Structures are given as C-alpha cells and as structure tokens.
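Below are two complexes that have chain A in common, paired first with chain B and then with chain C.
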Partner chain A sequence: MRFRGKIVDVACLNHFTRVVTTISKLTKTCVLRLNPDKLFFVLSGKVANGGVGMWCELSQANFFDEYQMEGFNPENNEICLEVAPENLSRALKTVQNAKSVKVKLTKKHCPCLTVSAELPTMSSISRVVTHDVPVDVIPTRLWHELKEPSMPDFDVSIYLPPLKTIKNVVDRMKNLSNFLVIEANMNGKMNLKIETDLVSVSTHFRDLGNPPSGDGASQDGSPTRDPHSMAEVRVDIRKLQQFLVGQQVNPSKSMCNIVHQSVVHLILLHEDVSLQYFIPSVA
Partner chain B sequence: MPLSTQCQDDDKKYVLVASLDNARNLSNILKAITFKDHAIFTATSNGLQVTVEYCKTLQASAFIQTEIFQEFTIKEDLVAFQINLTVLLDCLNIFGGSPVAGTSTALQMCYKGYGYPLTLYLEEGGVVTVCKIKTQEPEELIDFDFCSTNVINQVILQSESLKEAFSELDMTSEVLTITMSPSRPYFRLSTFGNSGNAHYDYSKDSDMMEMFRCTKTQTNRYKMSLLKPSTKALALSCKVSVRTDNRGFLSLQYLIRNDDGQHSYVDFFCCPDEEGEEE
Partner chain C sequence: MQCVVTGGNVKVLAKAIHSLSRIGEELYVEPQKDGLALRSVNSSRSAYACFLFAPLFFSRYSIPNGKDFRCKIAIKSVQSVFRSVATLEKTVEKCHIELDEENDRLTFTLHCKHGLLKTHNLSYQDSESLQAMFDKDACTTNFRVNPRVLVDTVAHFPPSLEEVTVTVSDERMWVRNYVEDETERSKAMLTELCLASDEFDHFVVKAHNSFTFCLKELRGLLVFAESNNLPVSMYFKEPGCPVVLSVTDSVMEGNFVLATLSDGSSPPKNKSKGAHTQQSLPPDDFMNDDMDSYLIAMDTSVASSAAEPPASTLTDPCTSKLPEANHKTRTHSEEEEEEEVADGPDRPPNKKFRSLFFGSVLPPSPQMSTQPVTTQEVLASDSEDES
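What follows is the complex of A and B.
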C-alpha cells in the first residue's frame, strides 16, 4: 500500500485543514478511507459512539495537486486507516504558510501519515517541518463496516435554518435539559423542543422549504403523507451540540432527514465537501 | 409588533402582560442580581420588581418601571410569584447572549395567576421561541426597614471610580469595612487579607463624588462574600449611592442606563457583620 499526496495551493491547504479540524471536533477517532478519486472520513454508528455516525466525502482533485495511491490490492484499491483527526489537524495547522505540503503513508515505529512541508524563514534557507501522525491500518475484513450509509427511508426531509441560530438555541437549551426533540414536517416547519419539570421551551422555525423529491428524497415517495404532520426524534442534546460546535464554514446547502422516532440525518454540502451526520433517537 | 398577537386569545385570562422590543432591557438588569437560583417577582402598576435574598442578611432588588416596557398591563393590584432566575435568564437569552449589532429579541411575558407558569414569547429574525417556566408561591421578603430618616451617611459616586476598586478587592479578606466620615478619610473601603491591609480612599472633593452627606464617623464591617455579588450591578451601572443607617445597615443603589437610555435601579441591602462596631 502506498499513498503520496501534495497540496500546493494555499487556499486548498486552508480548506483541507478546516475540514480536518471540523472532523476533529466531531469525533476523537475515525477512519480515513482513500481511493483513487476520493477521501472519506468515516465513523460507523456503533453503540460505542452512542450510535452516532458520520460520513464526510471529499474529491481529492479539489485539494491535491498530486495524488498517487496504491490500495491493498487491485480488487480492493483502497486504503483504510484509523486516525485521530485532532493529530492530523494539529499537524496541518502548523504548516499553513508552507509553499507546499506533502502527505505520505510511511512506516516509522508504526504506520504513520507523515505531513511534511518547507516553511519560509527570514534567511534564504527554508525550514523543513515533519509531523508523523500515527495511524492503524484497517484490515480488509472490516471494510464492510465502512460503506457509505444508505439514505434512510425518511418521513420528512427539510432544509435547515442557519446553523448559527440553531447553535445559539441549542447551547441555551443544554443548560436546561439533557434531551431535545427535533420535529419537522413537509410544510417547511421545524421545532426544537425541550421539556423538564421546571420549564418547557420550544423554538419554531417556519418557511424553511423542503427538498424536492429526488433531491435526496425518499425512495418510497409516499404521496399520501400529510404535509402538516410532524416527524420527530428525541436526541441526546450533547450529540447535537457537538455537531454544531464543529461547523466553521457556512455550507451552501444544509438539510436534515427525519425518520420518526428513529434517527435524524443531517447533511451539509459545501462546494467540494459533503458531510453527513446521524444521531439516533433515545427512548 | 408580531408578538402582540400571541396573548390575545387568552387576553381576559392573563393578570399580567408585559412586552419589550428589546429583551436585553430586562435580561441585563437581571444579570446584576443573579447570585441565587430563586427570585421573587412582584408586579404592580409601577412596574416590575425582582428580588433575591441570601441568608437573611443580603437582599438585592432590580426595579424596572412601567415606562420601560412597550406594554404593561396588570389586572390586580399586586401580582407576585417565585421563579428560578437562572432558568429565566437562559430563556431570555435563548437566541444567544451576544447579540448581533442591529438585531434585538422582542419579548412578551404573560402570567395567568397563582399556580400558572410564566409564559415567555421571544422573537428574533422571524423565529419564535415559547417558554413556560414553573412558578412557586413567593416567600415573604425581609423588610430591612431601611428608611431615609435613619440614614446617617450618604455618598453618591460615579461608578467608574468604584469599579476599579471592586475588581481589585483582596478576596482573601473575609470582610470589607466601609468608613464614612465628615472628615478624613471621608469615604474609605478597607480589606484585611493575606497580602496585608488595603485602603481605597475617596475624597469628598473628588470629581467622582457627586454627593457627599456624612454627618457622623462610622466604620462598618460587611462579609466580603455578601458584597462580592454586587460587583455585577456595579459593572452595569453609571452611578452608585452608598448609605448607612444608625444600625450599620448598608444600602447600595445602582443606577443602570439601558440601550435606549432609560433608567432602572438595582438595590442591595446588607446587614453588618456580627462584630461590627461604631466608632
């Protein structure tokens, strides 16, 4: 297995760093999947994570000027590495003003993603910085756990209000309750609700718009669903807050799919990155 | 105003309806007295009073007059209830504590009377949040019996001058003594902590001294833990009046100017420390 990538454009480097930093805020460890066209940051929704799942997809061509990889074997031309995104983020942050940054899969005392860059200095001689980010190679027998999660058969699909507004409200609600109900309907309405012995709070968003069927809409396409009827999911508020804390850039599109009393599926689309986040319901 | 319609259907049933175009005109003042979870709300035709008490030795009240509200309708002579102040503040700030310039959160508070929750309608940028906060039977407030006839010493200072002193107060000192006198040192704050004794003197001729009316030399001791909470009110205020009476009770009154230039008041009453003495 080999991997070697080079980023030369400073905007691409910044963008890539921001993506990795966002991922690091969402989870302590995840899997980095590399194939000839794309990179994926994956967290499969296991009980250990509290059932939260994440799928982030980038086209390598939008970030790397050079990208060469050789997967496990020709039939499985991919590399899957378990990594702590925080370590990768830290390494990338230190080389933000480099002329070029190389990322390579190496074997030091253990497998590593080595980030190396030439940094300008006051004199004519550049300074070379190298970071070895330890990774764990994931054996092929476990690759089936890392597939793109299939679009759930959802009841409601709706565009999200501005993330900043949701974050402000959720931050306050977290002081008042451990659980929050997200509900929405096919008529552009979404409510966030908490209820405890002391207080009940509900925030109402209107005219959000619903993605047209076919644009990530339900395959089942049940036309008989009453547009005013709400689908709801009760979630651990910290999981929603964690998702919101990481968002540094405003997405070009943001929406969520709700499977009534089962899971909420959040989708953020940027120009060249897509991020999906699954939060399961709690009883 | 979008929220004026919210309470309309139950109009007849509400004993208190109060609206503000800018919820900060209420939440900022309440921050000044949030050192305990529970507060007593008392509403009359004069406006709203929110009081917090601590250990029967400290009482802080915020007064928001009727004129500050865009709407203030009260159907009884007196409406009173007890409520969790931290929860109320979280609700008032539901759209975020640091507002974006040019935006404000509109607020309407409605109360149906004994046993009912306090209902808040908050709106910002077309998004509406409804909060229902449980209320309790109001505990009886202590009457500190602080009346102007018993006042021995009074000064009114611009808050500016006291802010620095209060932020530097030696917190290892268990007490803060306040000396007021018609002669030097006029007005003095003292602490006795691990790093030694510290004195902050304010002359009666100082620019910061707006009024000086001291008739007798008095030194009174107050527990630092009781006065520390008043720092928040001081930080928000532009002027403060300090008065002591013949029992050594302390009254601090803070004048707070809101975003729209209107005035509200926060009062702190504090009992002297047991071993307090008059010179």
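What follows is the complex of A and C.
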C-alpha cells in the first residue's frame, strides 16, 4: 500500500487545511479513505459515536498537484486509515506558508501519515519540518462499514437558513435545554424548538425553499405529501451544536433531510467538498 | 534600596517579570553592586532564570548600605503590579522600587499620567541566595539566533508539549518533540524541524550532540526576546549538563538555565532529587557523594558578591574541592540518582532542601583569589520537570 500526495498551491493548501480542521471539530477520530480519485473522511454511525454519522468527500484533483496511490490490492484499490483528524489539522496548520507540502503514508514507529514541508527562510537552505501522524490501517474485512450512507427515505427536504444564524439560535437554546426539535415542511418553513418545564422557545424560519423533486421529494410512490405537514426530529442539542461550531466556511448549498422521528441528515456542499452529517433522533 | 525605572524600561522590566513567572512561583530579588538581580527557580530545581539589570538601566539606583539584602516575593503579586503591559506602556511614566525594611515590604510605586500614583506594598520574605553555576565558555556548542527563528520553530509544537530534543551536527540543528513513554509513542504525533546553520547568526558545534529539555520554560524567554528584539544565545556542553539560554543588551542580561535529560536512560526526573535530599545528611555535612549529583560540574565564571549563609556553613576546604569532585563523582552519582528513583517522591521540607541545595555561599576570604568558586547554586544536572 502506498500513498504520496503533494500540494503546491497556497489556496489549495489553505482549503484542505480548513476541511481537515472542520472534520477535527466534528469528531476525535475518523477513517480516511483514499482511492485514485477521491478522499473521504468517514465516521460510521455506530452507537459508540452516539449514532452520529459523517461522510465527507473531496476530489483529490482539486487539492493535490501530485497524487499517487496503490491500494491494498488491484481489486480493492483503496486505502483506509483510522486517524485523529486533530493531529492532521495541527500539522497542516503549521505549514501554511510552505513552498510545498507532501503527505505520505510511511512506516515509522508505526504506520503514519507523514506531512512534510519546506518552509521559506531568509537563508538559502529551506527549513524542513516533518509531522508524523500515527494512523491505524483498517483491514479489508471492515471496509463494508465505510460505504457511503444511502440517502434515507426522507419525509422533508429543505434548504437551511444561514449556518451562522442557526448557530446563534442553537447556542442560546443550549443553555436552556439538552434536546432540540427540528421540524420542517415542504413549504419552506422550518422551526427550531425547545421545551422544558419552565419555558418553551421556538424560532421560526420562512421561505427557505425546498430542493426540487429530483433531489429531494419523498420517494417511492407514496401519496404526495401535504406541503404544510411538518416532519420533526428530536436531537441532542450538543450534537447539533458540534456540527455548527466546526463550520468555518459558508457552503454554496446547505440543506437538510428529515425522516420523521428518526434522523436528520445535514448536507453541505462547497465547490469541491461535500459534507454529510447524520444526527439520530432521541426519544 | 531605591530604584527608579523610567519610560520604555518599565515595559522591559514588566516583561522580564512575566518571563520569570513562567519558571517559578517566587521572585528572588537581590540588589547587587552590579545591578538588580531578579531570579526565579522552579519547584523541582530543574529550571532557573535570572535577569540582571545594570545600574544604567535605572534612572536612579541605590542599594542598601553595608549588608547585602535578599528577599523573595510571591511572583503573582509582582505580576499584578505590572499586569497589563500594553497599558503600562501608555500610562506609566516611571516606577519606583523602594525597600521598607521596618515593615518587611517592597514598595512599587507607579507614576502614571495625569499625576496618578499607584502604590503597591508587597511583603517579602528573607531568602537564601539563589544562583546557578554555569560557565558559558566551557560549552562546546553555542548558537546565537534571531528570536523570530526560535519562535517560529516552537510554533510547530503544540502548546502543551513539555519536552523537546535538540540534536546538533556541524551544519544543522534538529528539533523534535520528546515522547518518553513507550505506550505514548505509538499514538503520539512526532514533529521534527530541521534548521540549517545559515539561519543562525553564530553556530559553533564542537561535538555532535543531543539534548532534551523542557520547552515550556523556554517559551517565557522567547517571548521576552522577541518583544525586545534581542538575539538569543544558547550554550550547551553535553547531555545531563544544563543548557543555558541568554539574551543580553547593554544594560541587561537574562539567563535561563534549564536542566537536560542525560543520555540513554531516562530517569523519571526530579522525583529522584526529592528522594535524594530526604536521605541526605544534615546540612552541615555538605561533602558527600549524594550531594554531588546536584552540582553542575563546571567551573564557575560568575563571581558575585558573597553573602552570609543562612543556615548551613561550609568550610573552605570543602568548597574548594567541590568543582573537581563533581567531575569525578558525577557519573557515579548519576547512577545513584537513577536508583533512587524508586523511592518516595515526596519533596523534602523546604528548608532542608533549600539549605542542601543552595547551600552556603562563601564569605569573602583570601581564598577567593585562588579559587573561582564564590557562590554556588546547585541545579540538578540530569533531571527534569515532572510533567
């Protein structure tokens, strides 16, 4: 198994670093999946994670100037590594002004992703910095857990209000309650509600727009849903907040799909990165 | 004692104090003929720092007549006098430091704009002399570098990182984070930075070496050096010997002495120090092998004004033996120290520790001309901060 990538462009390096930093805020550990065309950061929605799932997809050509990999074997031409994204993020953040950054799979004291960079200096000789981020190689028998999650049969699909606004609301609601209800309908309305013994607060958004039926309508020949009928999910507010805190860049498109009382599926699309986040419902 | 600091020097003094606060909890103040010495040492005696401000640094400098005066003050109290450096710069015109011996107080008076006077009365405690022995000339490796280079280097390491290992060869210096635990090694992220000798103003390496020391304490010095734009010099001899970092300008000299890990084995740091002193003989018997392990095996170069020993006494013949004795017994005592590791880690009562560790200082005597040792302070040479 081999992997070697090189980033030369400053903007690409910056963008890649921001993606990795966002991932690091969402989870302490995740799987990095590499194939010849794409990179994926995957967190499978297991009970251990509180049922939260994440899928982030990047097209390597948009970031790397050079990218070579040899997967596990020709039939499974992929590499799956368990990594702590925070280490990777820290390594990348320190090399932002480098002339070039190389990321390689190496074997040092253990398998590592080595980030090495040449930093510009006043003298003729560059300063070389290497960060060895320890990783765990995931055996092929576990790869089935790392597939792209299938789009759930959602009841409602709706575009999200600006993330910053939602974050402000959720931050304040977090002080009052541990659980939050997200509800929305196919008529562009979304509400965020909390309810406790002492107080109930709800924030209403209107005219959000719903993705066109090709993307987002209810599937499978079920009778057309009443556009005013709300689908709701009750989630742990901290999980939603964690998702919002990590977002550093405004996505070009952001939407969410709700499966009534089951799961909320948040999708953020940037030009070359897509991030999906699943938060399960709590009773 | 009366010292007056004016203008921009107030900020320099404030920064020095903040730097020292990164080392230890107490500020040792000693007005000397050659300037005001501010010192600090950490609890495990593995890091020591001293800023010496020459009389020219002050617009007025007078020291107590006759006897030598030494005291220590809780460093947090002094820091609160110079709390916000930015405001100090803008509002403080001068700072008076006065000694009020009747009440055991050191008075800091800040003369600010608009006639505002802020007076801080800080109580002090008498203290022993605190000085580390180190000889920069004996060092085989030394560098001088722009502080920016070091700050940039250190930025690559996480703020929580305790120890770094620096390896030098003829042309290069490598800085790596040091991970001591076997178990941690498999999970820890390893970072290594390689600097070429070109980046240094001065780069002399007589022996290829590696030394490991605590990064946290260094950061204090770097902040000071960078804000005053002073190059940082680093002096090093061999693993186990402390590394000395200094910044100097015409009116001020700052020295940070940090213990380094000795080669090969890594004894769990200063616990051994504590264990040692508990088993050591009473203060009066200074000359025994155990104690040598605390001494830096270097000839002194600094001959400061001698002062009376507070507790223990040292006979002249004993002290004169010390420097050489160190050399011979050091390896032996290092091993001893490692054996001690298993013992209880409780730190000995302060007083005993202090008197053993910092021992006595020779009163002025005819022997001073024959031997360079006048003050000694001890710094464990091969143990480090407990992380």
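Quick notes
As a convention for this text, the second predicted complex is superposed on the first by the 276 of 283 C-alpha atoms of A that agree within 3 Å, B and C clash if a C-alpha of one lies under 4 Å from a C-alpha of the other, contacts with A are read in each partner's own complex, and residues count from 1 in each chain.
Going forward, contacts are C-beta pairs under 8 Å (C-beta built on N, C-alpha and C of every residue); 3 or more make two chains touch, one makes a residue touch a chain.
Nothing here was measured: the structure is a model prediction, and the numbers come from that model.
Clash-free side-by-side placement of chain B and chain C is the outcome of superposition onto chain A. With both structures placed on the common chain, the touch criterion links A:161 to chain B but leaves chain C unconnected. When the two complexes are overlaid on their common chain A, residue A:169 makes contact with chain B while staying clear of chain C. Of the two partner chains placed by superposition, only chain C is touched by A:130; chain B is not. In the overlay built on the shared chain, the residue A:283 is in contact with neither chain B nor chain C. Contacts of A:90 after superposition: chain C is touched, whereas chain B is not reached. In the superposition on chain A, contact of A:202 is made with chain B only, not with chain C.
Contact with neither chain B nor chain C is seen for A:11 once the two complexes are overlaid on the shared chain.
When both complexes are overlaid on chain A, the residue A:108 reaches chain C alone and has no touch with chain B. Superposed on chain A, the gap between chain B and chain C at their nearest CA atoms measures out to 6 angstrom in whole units.
Overlap of the chain B and chain C interfaces on chain A: none, as no residue is touched by both. Looking at the complex, you find that chain A touches chain B at residues 161, 165, 168-169, 171-173, 175-176, 197-207. Within the complex, the chain A residues that touch chain C are 87, 90-91, 94, 108-110, 112, 119, 121-125, 127-134. Note for the complex: chain C touches chain A at residues 152-153, 155-156, 158, 185-196, 198-199. Within the complex, the chain B residues that touch chain A are 84, 86-87, 90-91, 93-96, 117, 125-134.
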